[in-house]
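Mind looking over this structure? Questions follow.
Should a chain be cited, it is by its letter among A, B, C and D, assigned in written order, with residues numbered from 1 in that chain.
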Amino acid sequence: MTTQDDNMLGRARVTDTPELSAYYAELADREAGALWTVANEIEPWYPQPKSVPTLWRYAELRPLVRKALDLVKADDAGRRVVMLVNPGRRDVSAAAGLLYTGLQIMGPGESMTAHRHQAAALRFVLEGTGAWTIVDGEKLRVGARDFAITPNGTWHEHGNESDDTPVIWQDGLDIPLVNALDAGFYEVHPDVYQVPGKVVNSSVLTYGGNLVPYGVERWTRPYSPLLAWPWEPTYQALLDLAKASEGSPYDGLIMEYTNPATGGSVMPTMGAHIQLLRAGQATKAHRHTGSVVYTAAKGHGVSIVAGQRFEWHEGDVFAVPAWAWHEHANLDQGEDAVLFSFDDFPVMRSLGFFREEAYVDNDGHQPTPAG
Amino acid sequence: MTTQDDNMLGRARVTDTPELSAYYAELADREAGALWTVANEIEPWYPQPKSVPTLWRYAELRPLVRKALDLVKADDAGRRVVMLVNPGRRDVSAAAGLLYTGLQIMGPGESMTAHRHQAAALRFVLEGTGAWTIVDGEKLRVGARDFAITPNGTWHEHGNESDDTPVIWQDGLDIPLVNALDAGFYEVHPDVYQVPGKVVNSSVLTYGGNLVPYGVERWTRPYSPLLAWPWEPTYQALLDLAKASEGSPYDGLIMEYTNPATGGSVMPTMGAHIQLLRAGQATKAHRHTGSVVYTAAKGHGVSIVAGQRFEWHEGDVFAVPAWAWHEHANLDQGEDAVLFSFDDFPVMRSLGFFREEAYVDNDGHQPTPAG
Amino acid sequence: MTTQDDNMLGRARVTDTPELSAYYAELADREAGALWTVANEIEPWYPQPKSVPTLWRYAELRPLVRKALDLVKADDAGRRVVMLVNPGRRDVSAAAGLLYTGLQIMGPGESMTAHRHQAAALRFVLEGTGAWTIVDGEKLRVGARDFAITPNGTWHEHGNESDDTPVIWQDGLDIPLVNALDAGFYEVHPDVYQVPGKVVNSSVLTYGGNLVPYGVERWTRPYSPLLAWPWEPTYQALLDLAKASEGSPYDGLIMEYTNPATGGSVMPTMGAHIQLLRAGQATKAHRHTGSVVYTAAKGHGVSIVAGQRFEWHEGDVFAVPAWAWHEHANLDQGEDAVLFSFDDFPVMRSLGFFREEAYVDNDGHQPTPAG
Amino acid sequence: MTTQDDNMLGRARVTDTPELSAYYAELADREAGALWTVANEIEPWYPQPKSVPTLWRYAELRPLVRKALDLVKADDAGRRVVMLVNPGRRDVSAAAGLLYTGLQIMGPGESMTAHRHQAAALRFVLEGTGAWTIVDGEKLRVGARDFAITPNGTWHEHGNESDDTPVIWQDGLDIPLVNALDAGFYEVHPDVYQVPGKVVNSSVLTYGGNLVPYGVERWTRPYSPLLAWPWEPTYQALLDLAKASEGSPYDGLIMEYTNPATGGSVMPTMGAHIQLLRAGQATKAHRHTGSVVYTAAKGHGVSIVAGQRFEWHEGDVFAVPAWAWHEHANLDQGEDAVLFSFDDFPVMRSLGFFREEAYVDNDGHQPTPAG
């Protein structure tokens, strides 16, 4: 590691003078500026995210989410969603980095209108049994802890066919990324609602096993043809992996939801992972570029993020900004714990921005936060 | 379709003369020749495979395979295998095109020595319960109708840990292809036997679900990290697909065994497929480049190959040469039937040789063979 | 095109009430918010870039750039660069979208210190003959209209070996993109200066022709091994293309600077193009996602960007924001004109964000701007 | 290197007995055989090509090639070609491995008929100035030492527009590979002759520089859009490379003719290289899988192939079988020498068959052949 001091040869260190101030004004008049006045700020030694580590407790938010059912009509709100907004990213409605997340509620028997947008979306179901979504004409039924995607540009709409219970699921979208890149488009479905095909969960039946169908048109879109990953086989995959592997020192037994047509991420802008912490397991700290939004899917644990201690229970959501040290522990000595997460790693990799670093001091653990 | 007549402008049609004969002799003296003497033969209008459609009946071969147990010692034979040799390809020991296949038997408690070779291998288990193979240190246990691979260059050895029953499995290899391309290498393992890792079926536990492990070194080899596909989830995948899809008009419900790291074929030189014919289903005929070796995995049916009728029962093997018309039918009106197959389609695709054509006359069916 | 009216079913249209205001406050207390309060803004019907069409005239900026030579020492400034700052993007020092550009001047005999950063850089030389850059140990000499790259993570430093004349070149960087994605790193070279290899323009000698060297280690980095594209063969390529092609209706004869190892863009985050407008040629208007910074490399013309008329001469720079209609015309009836440009198209393509649309009315031309 | 002795554990070493002979006969009756009777032969320790090192002298063949002009009419022969036939591969008309080569002659004013085939073809011009070829409607004019391709499936025809001089060029095709894989198709053009587009050498004008045209439809075919590589820039590329690089110890300064759209080989089944040996340079020996056909393009040298000494002059052709040691030397102390070659390396790489080994003894040189 080289020295990181702005007062050194190789960094900008020009002192203001009246002459320079006049010059800067002259430049400003021509929509120009002097690089050296901002160079150290826009070329930092290491990432300086505006996002801060943040925890949202489901126990606190759930009543507020349910309240939305009474306060606004679905058709007026478009979707009834409580966004989780990072204190450092209120300007772009992001939870971490350029990732948006929110908790969406649908009352029994409700259905939303159909639309599509440049932003990609994903869902992780927190509670309720009647949830469905239609993605480009395929109807998917999803239950608790199921994961589903709505890739960029696909027509979609949601609903709840339960008779008596609301559904709450977590939405993850790349809206802030899309807007940062000036690429947002939105369309309301010309018929307001889609007519789904007859077979429910068709892509799960088709691509949900370990083989891919042959003799159909080759899949060429940039996202997964498999649109939903039910919880049961996902959890089984973690249990199987636990028999064969020690797992990652930083993440325990971690797997990526995968596009079966490529072996890569489910969508080009967002990846999603599921990780199991064995009873009592505490991982070591590392940091990487890329932002992550975690959801406690099962169990009870704690994550230390940039020195802050976030104790979590099922349904809690927390944000890990880019380049923040983080480590996880399962606080239950008898049961495993599972974290779901989504991230912008596919973007980091496509653009050549991925970097990772292990925390080496103190046996790999950040100093215990006070309190 | 243009005319296909060798006596036309655009084809070679030089008549022999004494002068030309003398010229040809002069050329031959210099390791040369006149293209026009062979042009029509080496540039045929369409493929002219030496392989012929062939059926091998398991009921006939099984006693001969079992006889090998008594006739030769495993250590002397290397492997006790009855090769299935296409009448047109005896020179290269191929079953179809440049694909080799054989029936291997291992007695109770036997194990073979370890080696590796440039040729890639695959296995489809026909009978017996104690079969195992070790591939680059991973021990795999395989039972009836399981599929497993031994990619090009991996150390491997096999055995049977049953107390009382022999195992018979089908080997598929690309030996004739490797030899045609002058690329064969072979090595005996320096320790004669491998010491396997502790976890059996480790790759199935790791890659056998619908997610891929994350945080391990990225898989960069040209073949699947998943080495075995047990029958049960494979058959379930076919049943699931049957709920969501009509399937292919030529192949019924057909899926490809897939490299989970790429979504592509399991190995760069051989692909493998499994296909289900619904009770009573009869497919239409098509033809394509690429050679295929089929094995009846379940049920009872018939395939018409280049006009020849091959009725098959479980364990029967048949060869479909390149560009031969073929269609399949399940002769059972109450049960589904399943065909396993392996092929050289990955080669066809890599080299840009894949072509396919539907049989259009007679509602898609070849004329019924006499008798 | 569906209706684009925010007061319709499918958009958020909730009216404020005292009850809702209380609810919003409650959400804000928990770092949360109601999606429907921002939904229409963050999910716009089409891109709403903050960048605005902008022209920077070289004749105006050049004197200010030269003034920097006297005002600040190279070693204090790091690099003496006048940034061109889009009026809508002053917060992130961008010229268009997330692209930065600036005019850098180096006095005779000067050399800058070596550093590397996550941001990628490119150069287009505007004037002067002694410019050089060292990229990962390779010294490149560049003259007027030459194009060169400094890919993400490569050590680099610049200088001017002329005895008497300053060099001015245009820098293009993806700094705003890197910062938007929280991925910025910066390092000063441990030895302050690199020691270049003996062969100047080594990558041009090696990869500058139409063949690639064989028998060297395979190139696996995500950017071009060719680091500079001298003007002369580049211009010749345009002239050759003009003999064989009509060119694009929107861009005239346009070519992409290309990574010879992949046929793709020179770097994963920025592409660069060069386009020739025949004498008197006027192209039709189109728009696309992705932001572009153009530089007039040769000749005299006009571009209409979102209805604004920018007349340009050599050295002028102008910004075309994402989704802005734009068309170009060569105002000289006897000479060709050439535009250099760089863009974020590689990002648009990697992330699946690329869209393009032709202007269909008025024979493809935007209404003539008043005045 | 492990022992390579067929009389060891791990190889087949079954002794014939009357009982076994009877068994083998029984197997043969059922189109079957015992693997152990052929295992050591079909799974050799290392490649056992049927091809043998062979040199064809242009001085000897040229008169015979010219004689063909008088002996057969172009329209009767299809093409007037003297094939170079490897003594070990007469059965498949190959020069080395599965590669075919021949010397084609066209008289002044002649033109051949148009056809297309699954086999891919390439040309290297040996003499004459009026040669042309039309490939999928593009007319190419080619002169001495120019290289051109006719990819798999493209319509093509050739001719000679000189008034007085015949053209001789070398054809290279993958006919034996296509036939080995049962993938040969052939069609005569429905109009017998193509009508070319107006621009000659259009692909050279379009793709012959260091940039690729933008704004045209993306190139998705599996072969190079650039169809010809004139000698002059090719030779210049070698001279440039010589300034920047030591070159390969085995091949001198060697470059691959490259698909500008991918950076890869020009066609999926055949690659082509050009290599310069500096005055007096002698390379070291190596061997690799893959077969190569070399042509002396310039100068005078010697190659030692599997211990055989082949002294070559311009126009001579020689075959290097797979896994044969080979090294080259320029026998001229004052002038450089250039070898053109084509090979099946793309096949080796696609199928995972490529291996390479340096000759380590005797300072890297094979023992001097006697005589």
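What we mean here is this: contacts are C-beta pairs under 8 Å (C-beta built on N, C-alpha and C of every residue); 3 or more make two chains touch, one makes a residue touch a chain.
The chain list, named the UniProt way, goes like this: A, B, C, D = Gentisate 1,2-dioxygenase.
Because the structure is predicted, anything quoted here is derived from the model rather than measured.
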Intercentroid distance (Cα basis), subunit C paired with subunit A, Å: 30
Whole-Å gap separating subunit B and subunit C, where each centre is the average of the chain's CA atoms: 52
Distance from the mean Cα position of subunit B to that of subunit A, given in whole angstrom: 43
Chain contact graph, described as a line, ring, star, complete graph or other shape: ring
Interchain pairs in contact, sorted by label: A-B, A-C, B-D, C-D
Subunit C residues within the subunit A interface of the complex: 2-3, 8-14, 19-20, 23, 26-27, 30-36, 38-39, 42-49, 51, 54, 56, 60-61, 64, 67-68, 71-72, 75-87, 92-93, 97-98, 100, 102, 113-115, 117-119, 152-153, 175-190, 192, 222-223, 268-269, 289, 291, 321-323, 344, 347-348, 350-353, 355
Residues of subunit C touching subunit D in the complex: 199, 202-206, 208-216, 226, 229, 233-234, 236-237, 240-241, 243-245, 247-248, 250-251, 253-263, 273-274
